[in-house]
Amino acid sequence: MTGIFPWLILFLPLLAAAGITLFALDHRAVSARLSIGAVVISFALSVALFVHGTRGETRFNWISLSDGAASWIVDIGLRLDPLSLMMLLVVTGVGSAIHIYSYGYMHDDPGVGRYFAGLSLFTFSMLGIVLATNFLMLFIFWELVGVSSWLLIGFWFERPAAADAAKKAFLTNRVGDFGFLLGIILVWAVLGTMDFGQLQKMMAANPALIGNSTIGIAGFLIFCGAAGKSAQFPLHVWLPDAMEGPTPVSALIHAATMVAAGVYMLCRVHFMLAADALEFIAWIGGITALLAALMAIQQNDIKRILAYSTLSQLGYMVMTVGLSGVGGNPSAAMFHLTTHAFFKALLFLGAGSVILALHHEQDIWKMGGLSKKMPVTFWTFMIATLALCGVPPFSGFFSKDEILATAQRTSPALFALGVAVAGLTTFYMFRLIFVAFTGPVKSQLPDHAHESPAVITLPLVALAVPSLLAGFWGIDRFYASQFGTGEAEAATGWVAQLTAPFAHAPGAAFGGLAAVVIGFLAAFALYWNKVQDPLPAMLGVVARWLRDRFYFDELYAKLIAATQDALATLADFVDRWLIAGLFVKGTHGSVELTGRLLRLVQTGNLQTYSLMFVAGVAVLLLFMLIR
Amino acid sequence: MGLLSFLILCPFAGAVLIALTPRSFNVLFRLIALLTTFLSFAAATWVFFAFHPGATHVQFEEFCPWVGALRIGWHLGVDGLNVALVFMAALVAFAAACCSWEIKERQKEFYLLLLVMTGGILGAFASLDLFFFYFFHELALVPTFIMIGVWGRGENRNYATFKMTIYLSLGALIALIGLIALYVAAGARTFDIPELTRDVAARPIAASAQHWIFPLLMFGFGILVSLWPFHTWAPLGYGAAPTPTAMLHAGVLKKFGLYGLLRIALPLLPEGAQRWLPVLALLCLGNLLYCGLVAIRQKNLNLLIGNSSVAHMGFVFLGIASLSLVGVTGAVVVMVAHGLLAALAFALSGYLQNQLGTLEMEQMGGLLRKLPFVGTLLALAMFAGCGLPGFANFAGEVMVLFGAWGGHTTVVVLAAWAALIVGAVYMLRAIRTVLHGPLPEKWSGVADAPHAWRKLPFALLLAGLLLFGCVPRLLTDRIQPAALTVVRAVNGTPAALMATTQLPR
Amino acid sequence: MNVGLEHYLVVSALLFALGLLGVIVRRNLLVIYMSLELMLNAANLALVAFSRFNHNLDGQVMVFFIITVAAAEVAVGLALIVALYRKRETAHVEDLTTMKF
Amino acid sequence: MNDLLVMGLEAAVLVAGLAVLLLDLWTPPAEKRNLGYAAAIAVGAILLASFAIVLPRPLAAFGGMFVLDEFALFFDRFFLLAALLVLVISVEFADRFETGVAEFYALILFALAGMMFAASANDFTLLFVSLELITVTFYVLTSFQRRQTQSLEAGVKYLILGALSSAFLVYGIALIYGTAGTMSFTRLAEAAPAVLDSRLLQTGLLLVLVGLGFKIAVVPFQIWAPDVYQGAPTPATAFLAVGSKAAGFVLLLRVLFTAVPALGPRWSRLLIVLSAVTILYGVLCAIPQRNLKRLMGYSSIANAGFLLLGVATLSRDGVSAVLYYLGGYLFTVLGAFAVICVALRHTEGEDIPALAGLHQRSPLLAATLAMAMVSLAGVPPLAGFFGKFLLLKSALMVAGDQPALYVLVAVAVVGVVISLYYYFGVIRAMYWPAEPVEQGHLPPIQLSRPLRWSLLLCIAGMLWLGVLPGMVVNLANLAAQTLLP
């Protein structure tokens, strides 16, 4: 353990956030420098740790309660292993690029200070998730990324859509966290600890534990957390809306890192997921991938298309985790997570560059012909698209191929689904390219567009490199070392690496490629040089369902209105009319009424008085003497 | 004079001083109030940090006989259960004194009452004598009523004052009956709590007596803490109360009932506790879930905060009912955290009321633009209210949920729903309607807290929340030994402190 | 006929009951007041009788006190009733109901 | 001669009363009012003198008819202090009497003497005589405003019902005497159990209870109280509320614990029922009251119920609590009536809303009345709280043997809560009235110096008994000890 380095990596962004909030909220340059500086230094330190090959844990005690027999201990610790080290690089690396990009993108916004504070807070929280040594610490940072996401989605809080989207994102995540927290409590209740290391040892020592039904339930519950954060069906509804945030935020949080946290967490706790839970997870992932890919086909907002694409890819990853099997190796999911982080961030940043050039126009049917006006943006966007589609030799090819290979090995149905999603992916991405970047200009806006400044294009180029090459760096093998299963020795040399997938699992590789080709051809046929979407006319109702996202939002709104809102109305009614009204006011009223009646006894007439007096005496005597 | 006596008597001395100062020295009242509460705060800070964590005995103890014939004594001291509460109370009191800017008329009376209330609160938490424990609480209640009646706001304040008076007095009286019955049943003929505890440990109170005394205390104290279904006074009362009063009552004085349960009811009536705490665990759902749902429907910011404050009490009840080390410790943490939070929330809503003249949320919107400081703090308070890590509330609430799992699994599931989702729904809704969205034209003249003095109380309270949220060991290490004593006293065996560690096959 | 304690007591009780009846049913203040005096005298009779049959004089001493006190009471009472009559021109109880409830 | 020395305090009071009457002859009309201060000073001197009395053992006079023990001494001081304050209030009220101011003072002193005799009464004869001394003087005091219909009406109602209760009392005494053959409490206590079992004796005791219940204003003999409280001159009402009620209690306690201690347990249920009914009647009827003095009348009924609660415990703690409660009640009620006396003459009508803005006209008056209400409501840190605390404690101490006391305690709690409603209503009327009053209508109220000091004394007394109860608790315990060794 290299002493203070990991702590610095974690806390530098927090210090930056605190510093900006307290002192530099109104200072554009200072806040940007603080925030960028923090994340870049974190990146440098992460690289140092990575190169050094550091492994191990460090921690301090956060809360410790013990009666001698049992204990409840929560540490704030840092755990460095292949999983977290690589993830550190991704978060700080992609983060650095996006921070720098943001400086250009957000340059004219009056709230830059607030923006960078939020970004730094997010980086801190995300790093916390990556480095967490135990469930509760993970949960703490889990919540913190949630709130920083809320902060940044709602950055333009005066826009009702942004404010609503922020609220929706947070609440949907909370639904997942509800299960997550219960899962954590359950784990602690039955196993007595929340520490990943100890849990893993326990599981290793007693393999029968994993078949235990309680731990199975805990696994399901924990997956709820992942489903919320990674926007898996049925909690996927928040992510498209989250695009209301500034584009760099979408790139960093809602494409590259935070939404991947669910997958990361599943890999982190993979050792305690039972077979039932894994199968469930796989299917949820598969369904999400397919649904999202379908919905992406009919979106017209450039960022929304990318958002659905993100959903779909996340579904891939989650599916992979599920398919890896008990005690298996989910490193393919992490591999795809990593490459996806690069190219999806790049896609978003490219989209941001376009949006900036078009003065915040996001409808692709108002673009067109941008490839010539914005060459850097176009070519980097193209690289990322190819990577996303899984065209060799782009990074996405390798990671997607591993996923398909895993699926092919374990579940034919999900394999077919995966191939279909690959085809759809190519289709909607090239639809986007054909409509937005090539073909006729569809409004006045693109006429005045021109390439973005260097502060924006440089990060694009920087991200294009790993998008192109990450497949050759052996990231998958590095991840695999985490899970200790004996992977075949990797091929050496570029060509050998490129051909290896075809040799290993030809079905997966060729199937994937075929899907890409089909998708491309379909997109070309439908969208090349078009000014209007031909699909709605062809598909009719189906297209409308796709465009309206299968009406999930409306369904949920109804569902919430029918359950929680109805309960709230009922509770409010009971509170207002029954408890405060009937119960309290009723008591009060009846007491007062009794008083009013009782004082009528006091007639003022002396004769009644003496009569009552005598009656009183009589009652007294009767009471005492007659028994 | 010991430190605790000093910090209790300081506000009273201030009150006497104010009473003797002629009415024309308007500035002086404020200064005296600020000074005396600050002295108390300083002393409480010293007590808190000089408190030796890990020790089970009472620290900073003071004793002086008062009514010898009845064995009532001026007995002060702090242990894990109350040291943080005293600190929190003093902090909130100082903040409340700072927040009294809005009081413009009859300042003399206001500050006098404020100081009496402060002294009463500190006394109630620092007393280790049954009589003074109760006496100080009642002493703090009276100014509350008067302050709401005279300086309160809104149409409803008369009704609110009466309702609150009747409710709280009824609760206090029921608790008083319970306390006296406890004294009688214990047979030790002393009001000294440590002595009683020792005596009861040696010679337990008859089970039959425990079974009827405990509910008296539970419901008596419960009414004071707005236990469902005796909660309707709280949102109404806080809605009508002037800001400093709402801060002090919702934040601190309300915790008296909970503290009473932990300090007196549980250790002295273990069998009663065993029988009745399951009932409490069910009723706490009324707070957590039901009042949370009611809060969703509120249109007035103060009513929303008031209902959420009622809802949060559910965590403490659940923690107490859990009878586990983690749960009870968590309950105390929530008490402290909620004290700071409620004070902060009411201070902020008071500021808004002052600026806008209304707290109807429909009329607000986009205020974050005009009020970056106050708005940000309000958002943070709301997030603290829905259990965001980093604030002390999270630490406490999560401990409560963990602690109660073993005994009350279903309740914990529903409580977690209430905490994570229902809480988030109304808190976020408040932020959305108050701070976010377009800014209505009429609020263009609204001004943020202008200078450091005005920001100080908010900042102090927030700092407290963050401090205990980020370093909860400051609290838990101090609370743990005392909580362990309480739990042991009730459970008898030291084993059952944690949730089940049996693995069902 | 041998007159015993019972006879005295019966007479006394009758007197007391008569007085009580008068207080309850009569409307004129003066008559009510006279009835009250009757009740006192019933007690006096009982006391004297008891004193006689208990063979000590405590009861008779008491009677003297009662007579004295009754005289004082009558003095005050009559003055009061007269004052009232002057003011209200009535001595009927049902006219005395300015204060009620 | 020795006998006269034993009753020196009473004799001194009588002499003072006569002296006031005599001085009246030589005092110019304009100065007559100030005779009240002279009387007050005399009473104060006697009060001080009473603290010089040291009683190693109880003293008896007139063949045991009159005793001077700690119990009697406690009440002597109580009555003296009450009379002192009432006299100061009377001076404020004096200009409302057309004539006979000095007589009013003298009558107060004579009533005081009656009360002090009652405190020492150890014999049914003295019981009757002292009670009548009080009652007859109060007939006059009540109707002292001869031109006022209400005053006269109150006087007549008090007269008729008072005489009625006297008749029952006397008949009761006759029955007791007839059965037990003695008038003395001490000898009655030594009577054979068979005597105690006799129905005749019990009837007699009940009739005595009727007479005392009338004084105390306990249901069902409370009927006179609201009307008389409302109609009587305020100082008379004040003295009636404190002195007359306390005299009833002192006699009740004596009879119960000295004369027929063996019968106590048989009476406990009756006392519990009476106490509960009285509390409820008082608090419920008070809710809709708007007339301040009438409200105090109902409040005094409720307080009689609370005091009876202490008696019903039949324990030394209970008696001690009653004494303590009475002590607090003295300061509280006299403080309230002092304010009522002064404030109501500056307002239109006697209704509670007329108090609006009192705190602007005279902060001291408002503060005193507010504190009195708080104390009556039984809220710390004032006397009423500690008194109620002791009462409830004493009840719960013995409730194990008499479970009906639990019910009574519950009723008392309900009563206290309901009473908050109207006590705080008075405070509200002063400080935050429903309809704000205009400043111009409210000239400040000037207070004379003695009154100011009296008010401060009442406040100090309420605080003293609330915050530092130690000394009075010891005195009450000592007094209770002589009654229940």
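Per-chain numbering from 1; labels A, B, C and D assigned in written order.
Assume contacts are C-beta pairs under 8 Å (C-beta built on N, C-alpha and C of every residue); 3 or more make two chains touch, one makes a residue touch a chain.
These numbers come from a predicted model, not from an experiment.
Chemist: Ranking chain pairs by contacts, what comes out on top?
Modeler: Greatest number of C-beta pairs in contact occurs for A-B.
Chemist: On a C-alpha centroid basis, what's the spacing between chain A and chain B, in Å?
Modeler: Going by mean C-alpha positions, chain A sits 36 Å from chain B.
Chemist: Centre to centre, by mean C-alpha position, how many angstrom separate chain B and chain D?
Modeler: The computed centroid separation for chain B versus chain D comes out at 42 Å.
Chemist: Would you kindly tell me how far, in whole Å, the mean C-alpha position of chain C lies from that of chain B?
Modeler: 65
Chemist: How many Å are there between the centre of chain A and the centre of chain D, using C-alpha atoms for each centre?
Modeler: A distance of 77 Å separates the two centres.
Chemist: Do you know which chain B residues sit against two or more other chains?
Modeler: In chain B, the residues touching two or more other chains are 166.
Chemist: When you check chain C against every other chain, which residues touch at least two of them?
Modeler: 23, 32, 93, 96, 98-100
Chemist: Indicate the residues of chain A shared as contacts by at least two other chains.
Modeler: Residue numbers touching two or more other chains: 599, 602, 604, 606, 610, 614.
Chemist: Can you list every touching chain pair?
Modeler: Per the contact definition above, the touching pairs are A-B, A-C, A-D, B-D, C-D.
Chemist: Give every residue of chain C touching chain D within the complex, in rising order.
Modeler: 9, 12, 16, 19, 23, 29, 32-33, 36, 39-40, 42-44, 46-47, 49-51, 53-54, 56, 58-59, 61-62, 65-66, 69, 72-73, 76-77, 80-81, 83-84, 87-88, 93, 96, 98-100
Chemist: In the complex, go through chain A and note every residue touching chain C.
Modeler: 599-600, 602-607, 610-611, 614
Chemist: Quick one: in the complex, what on chain B touches chain A?
Modeler: Touch residues, chain B against chain A: 163, 166, 229, 232, 236, 290-291, 293-294, 296-297, 325-326, 329, 366, 368-369, 372, 383, 387-390, 394-395, 398-399, 401-403, 405-406, 412-413, 416-417, 420-422, 424-425, 428-429, 431-432, 435-439, 472-473, 476, 480, 484, 494-495, 497-505.
Chemist: Quick check on the complex: what are the chain B residues that touch chain D?
Modeler: Within the complex, chain B touches chain D at residues 66-70, 131, 135-136, 138-139, 141-142, 145-146, 149-150, 158, 161-162, 165-166, 169-170, 173-174, 176-177, 180-181, 183-184.
Chemist: Hey, which residues of chain C end up touching chain A in the complex?
Modeler: 20, 23-24, 27, 32, 93-94, 96-101
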